[in-house]
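Okay, so chain A shows up in both of these, paired with chain B first and chain C after.
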Partner chain A sequence: MLPRFRCLVPKNKKEALDMLKDEGNTRVLAGGTDLLVDIRKYTCCPETLIDITRIREFKRPFDRVSGILSPAATHAFASGSGEIKQDFPALALGCAQVGSPQIRNMATIGGNIANACPAADSVPPLLIYDTRLTIESQGEEREEALEGFLLSPYRSSLKRDELITAIKLKKLKGYRFGFKRLSIRAALSIGRLSVAWAVKERSGAYEDVKIAVGSCTPVAFRAREAEMFLKEKPVCGGAVKEAEEMITAGIREKTGERPTHAFKLPILRNILTEAL
Partner chain B sequence: MQKICFQLNGEKAEAEIEDYLTLLEVLRDRFSILSVKEGCGIGECGACTVLLNERPVYACLTLAVKADGCDVKTTEYLSKDGTLHPLQEAFVKSGAVQCGYCTPGMLMSAYALLQEEKTPTEEMIREGISGNLCRCTGYIQIMEAVKDASQI
Partner chain C sequence: MFVGESLERVDALEKVIGKGIFAGDLRMEGMAFGVIVRAERFHARIASIDASEAIATEGVVRVLTHKDIPGANGYGVLKKDQPYLAAGYIRFFGEPVAMVIAQNERIAREAALRMRVDYEDMEPLNDPFLAAASTVNIHKGGNLLCRKTVIKGDTKRAEGQSHVVIERTYSTRRVDHVFLECEAGLAFPDQSGRITVISSTQNIHYKQKEVSRLLSLPEERIRIIQAPTGGGFGGKLDVTVEGYAALAAYLTGRPVMVRYTREESMLSNTKRHPLYMNYRTGAAKDGRLTFLEAKITGDTGAYASYGEVVALRAAVHATGPYQVPNVHVESSMYFTNNPVCGAMRGFGIPQTAFAHESQMDLLAEALCIDPLEIRKINALRKGSETATGQVLNHSVGFYDALKCIEPAWKERKKTGNSGFGLGCMFYGIGNTGVPNPSACHLTLMPEGKIGFHLGACDIGQGSDTVLTQILLETLGLEKNCVLLVKGDSDTTRDAGSSSASRQTYITGKAVFEAGRKLRSYLEEKGIDKGRSLKDICSEASGEGGPIFDGFFDPPTTSLDPVTGQGIPYATYAFAAHMTEVEVDPATCVCRVKKVHAAHDVGRAINPDAVRGQIFGGVAMGIGFALMEEFIPSRSKSLYSYYIPTSMDMPAVETYLVEDQEPTGPYGAKGVGEPALIPQGASIMNAIRDATGIRGFELPCNFERLCLLAEKV
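Then we have the complex of A and B:
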């Protein structure tokens, strides 16, 4: 049995923001696939949960014209929707590999972002689409890039009374995309390494490359230095190897030497060689 | 306390429940739906799988308040008047049931898959039951059962 708490179910955004302001020890409940496990293990003991999945403004999972995903959109939606597969294929690939069908049917993209788990599978794909978040609290609204929003494992810039209300992705034209994830077994287990990429080539050279890596560092990151370096470099040549070196050196710098590097870094290099 | 109204196996259901109860607890304790098993309690084993609006979810990780206004189906929905559903028959024939603890959850995952895809490939069956653990059969017989049921 779960410890006791109240669960409020706001019908619209305003109600939810008022509740977040007025209530003391609250947590936002979306799919609940992480939160209820934490509550059960007593690693988190809220008095009140605010279930945001019935909020009227969040009902429509995706607006194609603006590229805005609802924070309550599930991973099943993001991996199965024809529109997402077409417009943001790396996101569809990433979300298809989260947990199991049962988890994907409940777990939301907003929850995956807000939980700020370093191994969140939707995050590297969202990073390559330069995702920006709209964050609201009672009477206030701000916008922040996902890249800066994630601070450290399970910590983000989200304040106690704030709610992610929109997830805006930027469409990339003329790119090829991919996502690869490494884990101990195929289903259910947490990702040990995840990479998303978008590559645009022009006459044998890289016009633009976007690479995001998850589960390797405290926070998933965009490999900006390597991306800049690859610009205008010929596709066939030593540039990719050099870029890989930059990325793995960057990881070592952020985390220090880790035992898992022995398998993670060579695999990361192989994935990048294949991708690029 | 909250009042929830939902469809349970095709019939109207209502309950006054505490906010912190899971759908698993409410189904078992208030409605005597005993096919829904608690295994791990943290959304890994799949023994508590039920259909929420036709999609498989873990009842142990679903607060009962989330079922309000929804359609809930459990294994009890499959057999009618003591006659097994063809999918259940296939499980029996293939020897896909040993200790039986995972079976109701496995059936609901397989049922949801077959509702969506009449003739799933082996890969799709594998993916469809990937959120359900079975420690007896080694999955081969379960895969066979789902494949057989899809050809009926």
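Then we have the complex of A and C:
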């Protein structure tokens, strides 16, 4: 059974930041598709929830000119919006595979980031678009790259009184994009491995490659070393195999040897071969 | 005409408008809630139970342990070995230890968390092979629950005459039923102290007997009523909440509701048996099967439940729907400290179908014969003898089912990553080699309607509709002249369990018999000569109200304890499925694209209902083959235990074969379990076709398939 709690619904950003400062045992409700599951399991017992989805400043889900997503933008929006599909196709693909239509209608991008789940589906696509977060608390504002924001499973650099207020993506021109996710069934499943990529080629060689991998390590990551290595390397040839080796070796280093590597790493290599 | 028509379900309206009240939604004045406290240990002795903090919680009515049970603290369909509340000893993770009764559910659940139980841990036996070899016994009689054998001919001699012999070992995992509605029940005492239980169940009369033993009250002091039930699949055959609700109501004198969350349901409910199946099958050069040897080892978990039935059914059906002249099957069940395994749709045969259908494909490959052809060569047909020596004289529509899918099979086109596979099965309708009668009765009600007293539990499969159709057909009357009085041990007779695909065939025949008696009575009274039913009814009530009863027990014999020879079932259903899959070569994820399903159901009383069963069976078969694996203490909820969703559902083409069964009502047999049985097997053969890889272990998820692919 769901335990009892109070739910506050701030109308604007200032109200929300004040509440975050003043209230004691609180959690931000940004859709709640993860939070309410935890509350029902008693793994998290807040007295007060602060629902940020009705905040005036967050009403507009996406500003095309600046490339800024509202933290309250839902996965349904991110997967269905024509603008997102055009400007950030990998994000649209990633968000389309989350849960079910009901989940996507509730779950927000801000919530997906702040929850810092290693299997968050919006994170690898956001990583390839070099996403930066605006984070505010009462009277203060800072900016941080998503890449450094995620610290470990379910932990980020977000402080208790802070709120993600903007999600800024960088538009990439001339790339082809993709997202692939490994899951046991066609819907309503946790991604066991997810890969987002952006690839730019010029006359048979890689001009620039961006690869992000989720669900494999404590925190989704950009494969920087392999990306650097692939620059200017010919598309046909052994470079891709070498880059794959770098990525899987990097994973082994991060996590230590894991039994699931026996199938995850070969599948990751297959996906990368397909992608590149 | 009612038979053969897809009549709207009799319960459709109440379900659609939300009027049907499920057990968990029942409320009564003064109703308390009961919550079960469960052991989080696999194998342990209880050192102490400290209920003081729970009892001290405001709103807690009482805490019960095994010492409070007035009658016998043990239930089970064949062996009464499972305690309602542990008497000092824990045999599985989730075993009930105590029950907290409180004014409302919130208090009950919170107080249950305050129960302190100390254990002395013991090493768990979590594997049937370990249990077989171990000197530590989980039960006094040892770890072997039963061993069933089916022996016919001489397999050793036949082996010498075989052109090819294939030997492989197959295994399957524990599977949860995941019925839509979790277990729930309300019990209350009336002024005379009689206990009534309203619950979500597959069998009311059996539960009446169990509750009577538990409370040490005569059966007539117990009344069981079936609430609308959201699925069962065998998981609501054993006593679930009924015992606890009844016990609490009896001891507190007030209504008590017990309803499980999904987590509690998954923790406590019986599972599908994991089976390890070693198969040796031989064939002659022309593809005819020469012999089959199978050694089946099952893990029945901590208590007996339906383990013996599953062992026996697996043995009797080990050959699949084929003629095999020489057979030697040994099927054993062992106790372990795993979750109790019990009845689940198919009773062991979805597992053996995986084995025998893989063997058929391997033989076809070795002999360079088309997979459909080798099945046609060996198909059971009229005059064939089964492994138990039963000669099939009627209603053997297997060859016709194969013919139904033959065009699709011949036209199949492999593209890119797709593959096609066949899966076939036969399934004995009703209980195995034991009497399993059904009874029902009809009355004439003063208001001019026929009272249709039906003890069979409709658990969503649609038996109420199908049985009403049989009655209406027999009576030749209008639809609205029948009033269904159902699922109440006070007003209906024992129609047995809604299991073993038996209700249409067995209860259907009992309904047919009762209907015929009433029909001739009505004719005698002049129904065909212009007299109204209302007239006849009001006259009858003056005569004290005649009762027209129906009874049917299918003709079977008991099986020889050593050779397993005999007539275990009066009739069998047959089916052939053809499945198309697509396997992503990068991720090893398999998706099912299309299924052709041909079923010999004898007679489709309600064709749409038959199709509904087939669609459901296909969905469950996809889960069984590709996803479902219940790992004790890890599979806690639907968050970590995956069943297919609508997005995993393929297109399904159904073909209904109607080779009528002379002993069945209008020729009908059954389809509930047959719908599932061949599906998993056909997927595995299709994966082999798509990838070149054959899996021997279920579920064949991407992990297993990837590891197999790495090996190649």
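We adopt the following convention: the second predicted complex is superposed on the first by the 275 of 276 C-alpha atoms of A that agree within 3 Å, B and C clash if a C-alpha of one lies under 4 Å from a C-alpha of the other, contacts with A are read in each partner's own complex, and residues count from 1 in each chain.
Following the convention adopted for this analysis, contacts are C-beta pairs under 8 Å (C-beta built on N, C-alpha and C of every residue); 3 or more make two chains touch, one makes a residue touch a chain.
The model shown is predicted, which means the values in this text are computed figures rather than measured ones.
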Contacts of A:274 with chain B and chain C, given as first, second, both or neither: second
Chain B versus chain C as contact partner of A:105, first or second or both or neither: first
Touching partner for A:217 - first (chain B), second (chain C), both, neither: neither
Partner chain in contact with A:180 - chain B first, chain C second, else both or neither: second
Chain B versus chain C as contact partner of A:266, first or second or both or neither: second
Chain touching more of chain A, residue-wise (chain B, chain C): B
First (chain B), second (chain C), both or neither touched by A:1: both
Partner chain(s) touched by A:9 [first = chain B, second = chain C, both, neither]: first
First (chain B), second (chain C), both or neither touched by A:37: both
Residues on chain A lying within both footprints (that of chain B and that of chain C): 1, 37, 100, 186-188
Residues of chain A touching chain C in the complex: 1, 37, 100, 180, 182-189, 192, 260, 262-263, 266-267, 270-271, 273-274
For the chain A and chain B complex, residues of the former touching the latter: 1-7, 9, 29, 32-33, 36-37, 40-41, 49, 51, 53, 76, 99-103, 105-106, 186-188
Residue ranges of chain B in contact with chain A within the complex: 2, 18-22, 25, 41-44, 46, 49, 52, 55-58, 61-63, 65-66, 68, 109, 112, 127-128, 130-132
Residues on chain C engaged by chain A in the complex (per definition of touch): 105-106, 109, 585-589, 591, 626-627, 639, 642, 644-648, 701-703, 706-707, 709-710
